[in-house]
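Chain nomenclature is as follows: A, B, C, D and E, assigned in order of appearance, with residue numbering initiated at 1 for each chain independently.
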Amino acid sequence: MVSPVVLIAASLGFAFLYPLVERLGERAATRIALLVLAAFAGTTAGWTVSLIGSGVALTADTAGFVAPLSIQLQVTAVDALAMTVVTLLALAALVQLTERATDRWHGKQVVLFFVLLLGSYGLIMTRDLFNVFVFMEISGISVFGLLSTSRDGRVFEAGFKYMVASGLASVFFLIGTAFVYRSVGSLSIADITAAAPVALASPVGVMGLLFLVTGILIELKPAPANGWAIDTYQAADPGIGALLSAVNATAMVFVLVRVMPILAGASPVFVPLVLIAGAGAFLIPQAQALLQESFKRMLGYSSVAQIGLVVLAIVIPAAGVPFAGVALAVPLVLLLNHAVAKATLFWIADATGDDASGFGGSLPASLRGRPALLVVAAIAVLALLGLPPFPGFWAKWSLVMGLAAGGHIGLLVVVLLGSLLEVVYLGRWLIMRMRHVDDDATVVSQRIPADFAESRADAVSGAASGASDASGAAAGAIPVGATVSLGLATLLMAGASVAALLGSGVGMPVLIVLIGVAAFAVLDVLRIPLRLQAIVAIAGLSWWGVSAVSGAALTLQSGFVLLFVGGAVVQLVALLARPGRRAGLVALIVGMVLSLAALTAATSPLEVFVAWELMTLTSFFLVVRGRFAAAASVRYLTFSLASALLMLAAFSLATAANPAFGTGGGVIGTLTTSVPWAAVLLALSVLIKLGAIGLHIWLPSSYAEAEDEVSSLASSVLSKAGILLLFLGAGSFAAPLFAGVALNQVLGWIGVITALAGGMMALFQEDIKYTLAYSSMSQLGYMVLAFALMSHLGWVTALYLAVNHLLFKGMLFLAVAGIVMRTGTRLMYQMGGLIKRMPFSFVSVLVGIIAVSGVPPLAGFGGKWLLYTALIEQGWYLQAALALFSSGIAFLYLFRLIHSMFLGQRKTHHDTVTEAPAAVLIPQFVFLVIIIAISMFPNLLIKPLQTIVEPAFASSVRWEGYTVISSLGYWNGNAVMYVVIGVFLAPLLWLLAVKGRTYRVEQFNIVFAAERPHTPQSTHYAYNFYGHYQKAFGRLLDPWVERFWSGVSATAGTVSQTLRAWNTGNPQTYALQILLYLFLTYLVARGGL
Amino acid sequence: MMTQILTVLAFLLMALGVWGLMSRRHLIRIIIGFSLLDTGVHLLLVAFGYRSGGTAPILSDGIGVSGLVSGAVDPIPSALVLTAIVIGLAVTALMLSFAVRMYARTRSIYIDKNKELKW
Amino acid sequence: MTQMILTKALYTVISLAVITNYALILIGTMARIRAKVQGRVGQPFYQPYIDIVKSNAKRTSISHGVMFFLGPVFRLAGGLGTYLFIPAIFGSVIFSNFSFSGDLLLMMYFIFFGQLGMALGAGESGHPHSAIGVARGLAQMTAFELPFVLSVVALAAQYGTLSITEIVAAQQGGFTHWAAFTNPLAMIAGMIAFLGMSGANPFSVVVAPQEIPIGPPTEMQSSFLGMLQTNRAIFNGAKMVLFMNLFWGGAAHENLLVAILIMVVKTFLIYLYVTIVGASFPRFKTEQSIRFFLGVPTVIGIAAVVLQMV
Amino acid sequence: MATADTQTRRYQEPGAPGNAAVVNPDPRTVTGPAGGTGQGDVQTVDGQLRILTEELKLANADLRSEDRGNFCDHPPEVIKPFRAFWENFLNWARSESLWILGFGTGCGAIELRPLMTSRFDMYQYGIQGRPTPRQSSVFVIGGYASVKTMKRIVRSYEQMQGPKFVLGLGSCTINGGMYWDSYNTVNRLDHYIPVDVYIAGCMPRPEALLAGFVKLKEMIKRGECEGANRYAENFEWYKANQKRIIKNWDMPDYNW
Amino acid sequence: MFKRLFSLVLVVALAAAFFPLFATIGDRGDVSPLAESYLADAPDALGSANLVTSVIVTYRGLDTLGEVTVLFAASAGVSLVFSRLGSSSDGRRPVQNHAPSELVVTGAGLLLPLIFVFGVFIFVHGHLTPGGGFQGGVVIASGVLLALLAGTLTELSHGMLSVLEMLSGAGYVAVGLLGLWLAGGFLDPRFLPTGEIGSLFSGGAIPVIYSLVGIKVGAELSGVIDAMRRRRVVE
């Protein structure tokens, strides 16, 4: 193996000789430089391969003397891996920097680049304290020199600040080193570590170490003493930004890794000190980044935050599944994940020349119409956010588990809160870049033209969103260097993801999700049309679903698989109505369905969480496709990931309390925890996903602003994931929480209030999709209520409602999709009288709304009967009454829906509207047939549901023929059906017999106070249909929740502004902050001394 | 005693440098403050290498190896200081050149006129 | 089996005939009583019959479409069904109707069936006033539903059952056993809700004749109107029978004729109550009636439920 | 109670439209003596008034083309009564359930109101008001009809379902009354819609109105009130007369 | 004003906080064991009289290589910083405000040879007497500065400086690698004979290294001086 020292000599030698090499020509020189880097990469990769798993380290002493006498270099497997990644990133960076459109690097810049790389290698490899200082300075000075590349003249000001700060850090480090040497008498880190417990435990030693660690921390750019670094990120060439955060920061972290054992050995104050520093460094920048207008500055904040997280991870021992027992694996993975992702983002900023972050200022949709760049950006952002399947996810999981296991609840909160903030600003950036150009990113509620005019432009629906995708931002060419470097980074990330995934021990179902997405993505790359993809997806999913459940006993899991896969397969048929290509659509849908299926198959909390996150991600990308979905998807992403983080917190707390958490493998209650707080968090997480009142503001806009087919899938299929999770965590909710009140009672009230509030809000929507979205919220509220009963009947009801909701909401949304497709509007009052033009859609909607509202004889009533019976049986009388009331409200908005669209006056310009395409109708009628069948024979559905619930509760109803009998009442769906047919047919026949001659007239042939109605448009009563209801309720209908979250958002903004103002831009202030930081560390240490 | 004097001197020098760094508005003066700070550190390093009545660790006539072992000061801090001085020099050079560029941009040598980047 | 079905069909016809004729006569009589109060002679008690015959005797009719055509059918089916799911006379085989197919919940939801059908029919007429009427009607319906539901839940809690037959059975043995006296709060909430349900003043804004020419059925004529008139009788009858069963001990006697007489007296009094209130109060606006129902009656209903919980 | 001076028009066999001035042999071309104001000529298309198309649908020629699809284009049809006993029974029911279209077409509307009061109590005769033409069977023309109200009268009349009855209240409906020479008053109502009973007087008192109702009931029972059929039968003649006085005809040719 | 006050308070607070740290440091009669082993073993092992030089060039040779690198990077950085400024691209001559004074010119004529010789002496004798490559290089650079001030040199040849820098730097690395291959490790000077302590040709490759360092430092610092001198603010 090559000696570590050769790497240093080689890079330095090459740097020295580069001017000579450049005599061969600039291009040739850069090629040679790339070759050299490739050789470095090969070397480091070789080390990695040979060292990993061997447990030995590669050591090189210099000058022919051994360690304490001379400086020693050492490479462990971890170091080698980090160096490999750093080298690969450096390679990519050099390609990017030397092959871009402007400011190509050459000459001294390449030289300094190699010096920077050398510094990073040295930092990682050296085992001598003073040598660390030298390499720190090498890195620092090369960065300062490179800063001048930027076209932004402010870079010198930034660089000056950087130098002041870094100078102070060096001084601290030197003082610390001096004291350490004075106390120990050696500069070899190994010696110092060994001697630390004795020699450095004195107050003087600790104070010296305090200087040392402060110096290192300052070099890591910790908040709140890091304004200089942020300024530098903002003003520097993005290429330097990439180098800074990917190469330099990565290497610097290793200094802390080296020093940490010394600190820990010397005094117990240092671990909490570093923890506090890490926590502050993670959380504060995330808040500061919230409202950044400069993308580079935002990335700067993100970088320093990520390093803060790594610092935390260095101190916290890993727990949880993925990296258990591998030392330093968590910080390393976090670090490398960050390096690759952050470099990618900087390069994208460089390639697109777009430094706007999406807050204020202009909002270019610079990634629209550039699918490849978009995929790369998305991967980078998701990886940064620590989402599966990227390596950062596993590390974050382990870190959080470790935090909980160590009892660091405060840090847990910090990590989760910081992650959430990061989601907001990075997610928003991504969404802004990929949104439709027409979208001003303000749409979170229905849009009604001010003048009621039939404004076609305003009313354009998601239906047309695919058409003008390509006309998005004018796509400038991406420089060849960026292409190569982004490709390299993405490959690296992909490789790492695969490796991490395979090493994580998650089961096949999770892998299948990714395989599915990848397979369909390949189809997209091959430019296979949507229809063909849909057919493949239908076939594949059907086959998969059948094979997954065939032969298996009917359990909660297999039932939900049927629900998810079946529901999705049927609705996928609707895609056949769309010609052309829709990149990513099928892939994401398949991914979503498979991740839902993976959720059912999950056997451990980790798998549940991975599946949950994958579901969130795929559905997020589905939502964001909508034409005006930008603002909605910001909410969707934020709330979904907040939900995920809460779940993570719940899992970690539960695991900390009981390591066997979630491995019960029982059918229901897999995730049962006995920790009340974990249960509450789990419940909150699920409630967010279910759009419970107060947490619902993401739901309507996301469901409504997505593309029509996606709305239908999300509302009918996706929304059931939360229900499944409720069942999985069932046992957690029954234990008394406080004052004898159990969580499920709270859940019940939340459920019923959600049902009522959702219905109420649906009542006043003019936009049909918002109506349906709120309706979904309301229906989910019912399911929560039924579940919360924790009784046999309640659970059967919850499942019954879930099935029923899937059927009718799929029908309704697809019918609406067809109508929107044909009429080009989503506003109900702009429709009307469509029954004659679209009779099949009408039938489908009619059956749908009968099924929702619970009017006998259709299946909806079964749900209502079960619900009220269950509620009254449990003595939940008030809830029962409220539920009944909200079911009346449901009747109102459903009638409004069908009336405004199909009945009343038909607009003249809709005279030529045709029926929805067959592909959209077929799934509706499949659902319709199922609804009729289970209405006629309710036992077809209820009996299997009883089987599912029976393991948890003994049956409390009995069957007599078709009659289901509870302790309270009874219901015979079959008889009801016959009676209804009878009472319907008898009057019909009577009417046909006695009526005179009946003339079929038009809608306009109405009596109109002896006048003639003016136009159909002015004669259709549909706008503000329930105005009187609104008037009756008055201020009760004010958007309290919306206001509350706006307040939260505004408060976060204010906090962010306040924190931001800390970074005043004045170098002296920054110096002051650094001194203050030193003083604070002193105080913290004193507190612990 | 010597060490103590040197140390305290170094300490005062550093405090002076820091004060200059923080209180001057003129860029060059700030850099000078910075150099003072550096020098203080160097002094500290040298002080730590001192031993009572020590001589330079150089073999010369009259001082053999044994004399060195018993009487020479610690050569390591000296070596370190040399490195540190050079590095300080490099940083100072870069700071000065940056100061020139800042002045070129804003036409002001005062630090509080050179803070466009913030928040 | 066939015989069983035929017997049931015969019983159904008898039951329906009784309730229809009784309700028609009751409506006519009540109109006449109202006329007497106003110092008029008033229409003959059989006027409803004539009106229905007249409506059906129209030679022409117009239809605005399928739903318009079927709307009245739905409406009448809703009325018939509602009646048929209620056991009209306790203990009588003939008048037990189809109460074996479902309990109180079924009945309550089946009321929606007719409402929905009618609303659809009215909607397809294309007349804005119909739609306005429907909007008002539905809004008001949900509002009175709340106190009604609360009282029903209170009853269900009190008797531990949702079966109407069992609720009636539990009230046998003297008027002190009637829910009206054992659970007066529920009765009050329920009876106030009943005012809304019957659509008489002050809750008649749905059909406000001069403002929105009688609302939903504005375009209904000829046989369609005839069906609606028929339904009005049956549906009213059904609702009165329901309330009689729920709160007033139902109609029970070993002699069927006596039982029918009891039903006649009780429902007459219930209807009289509606008529008197209607004659005494002016009309509420929609939002006023919504606020009214969600106010005092709801509070009373909640009180009734809470009393059952403690 | 004062007796009203009533003038009745008896139902005549189809094809002979009462004492109307003109019997028009060719339904396509309508020329003839002017009733009413007698101003202007019949509006024609291609020189001819076109009510029905070749397919015997309403031409609706005066409607704007984009409005035509909004209206039914089926012309009214004659519907034969049932025979003997059954029709008598139905007629009895019709006569005992007279629902008035509550539409005050002229100043005589004020005389309708007292019928509702306790003093006259029309309900005891089976008469009651109805807010929509769809459900009414009696149209009371409350006095003079101007060109403006004529349009509304025609429209409302056509929107009632047959059998339907018209009661002309006051002298104005018979011959224009005191407005006989007004430029804007329609002098003779039954040139435009079939009238069953005229009640003379200026104004007739409510008693006279009641008497007219009683007369109408008798006529209905006798099967003499077939105005709807008469209207359908002589549709083009009526339409031509209507169009002669209503210049801004913006409604379909038959208002279903 | 408030900030200054706060700075003052903070500096005082820091001083108060850390004063004990500095005040408790006392004289020591001995050196650390590591230093002791250097003092005892280095002369024999390396044959270099100046132990500080032994430590700098050999034991902590990597530090020194880094130090050279730092200086190298700084010089490259300075020239990059000024490359966007100034006149080299547009060919304008720097503005000479004053002609060098007579005194300077004459003094320079006298001193320059001395300075250069002194500089060379310092780095060549680095292993014997106090001094070394850096010190010598700096002295040489100061000579260059004087020459420039006096107008003896009006223009430095960049090509030459660059070649000097490059060759000396690469030579240093090469010497290090020779040590790795021929002797005990990277930067081990003992692939050349250690010679007799106190003579010029002793200490193995130490004088070679110091010479290279001296040349390199001299060239780099001259470059820095020149870069700063030549550029005028033109923005």
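Just so it is clear, a residue touches a chain if its C-beta (ideal position, glycine included) is under 8 Å from a C-beta of that chain, and two chains touch if they have at least 3 such contacts.
Keep in mind that what you see is a predicted model, and the values were worked out from it rather than measured.
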| item | value |
| --- | --- |
| Chains touching both chain B and chain D, listed by label | A |
| Touching chain A and also chain B, the following chains | E |
| Chain ID, smallest distance between chain and overall C-alpha centroids | A |
| Maximum centroid distance from chain E, chain identifier (CA atoms) | D |
| Remotest chain, chain B as reference, centres from CA atoms | D |
| Contact-richer chain pair [A-C vs A-D] | A-C |
| Distance between chain centroids, defined by C-alpha means - chain B, chain C (Å) | 98 |
| Between chain B and chain E, centroid-to-centroid distance (C-alpha), Å | 15 |
| Chain centre separation (chain D, chain E; CA means) in Å | 119 |
| Centre-of-Cα separation between chain E and chain A, whole angstrom | 54 |
| Where chain B touches two or more other chains, by residue | 18, 22-23, 44, 48, 76, 80, 83, 87, 90-91, 94, 98, 101, 105 |
| Contacts with two or more other chains, residues of chain E listed in rising order | 7, 11, 14, 18, 25, 32, 34-35, 38, 59-60, 63, 66-67, 70, 73-74, 77-78, 81 |
| Residues of chain C whose C-beta touches two or more other chains | 58-62, 213, 218-219, 222 |
| Contacting chain pairs - touch in the sense defined above | A-B, A-C, A-D, A-E, B-E, C-D |
| Complex contacts: residues of chain E adjacent to chain B | 4, 7-8, 11, 14-15, 18-19, 22-23, 25-32, 34-36, 38-40, 43-44, 49-52, 54-56, 59-60, 63-64, 66-67, 70-71, 73-75, 77-78, 81-82, 85, 128-130, 132, 134, 197-198, 224, 227-228, 231, 233-235 |
| Parts of chain C lying in touch with chain A, wherever the complex brings them together | 56, 58-67, 69-70, 72-74, 76-77, 80-81, 84-85, 98, 100-106, 108-110, 112-113, 115-116, 119-120, 123-129, 131-132, 134-136, 138-139, 141-143, 145-146, 149-150, 153-154, 156-157, 160-163, 213, 218-219, 222-224, 226-227, 285-288, 290-291, 294, 301-302, 305-306, 308-309 |
| Of chain E, residues touching chain A in the complex | 3, 6-7, 10-11, 13-14, 17-18, 20-21, 24-25, 32-35, 37-38, 45, 58-63, 65-67, 69-70, 72-74, 76-81, 83-84, 162-163, 165-166, 169-170, 173-174, 176-177, 179-180, 183-190 |
| Touching residues on chain A, where the partner in the complex is chain E | 3, 5-6, 8-9, 12-13, 15-17, 19-20, 60-65, 68-71, 73, 108-109, 111-112, 115, 118, 122, 126, 128, 130-131, 134-135, 137-138, 141-142, 144-146, 148-149, 156, 179, 181-182, 184-187, 203-204, 207-208, 1068-1069, 1072, 1075-1076, 1078-1079, 1082 |
| Residues of chain D that touch chain A when the two form their complex | 66, 69-72, 74, 77, 79, 103, 132-134, 152-153, 155-156, 159, 250-252, 255-256 |
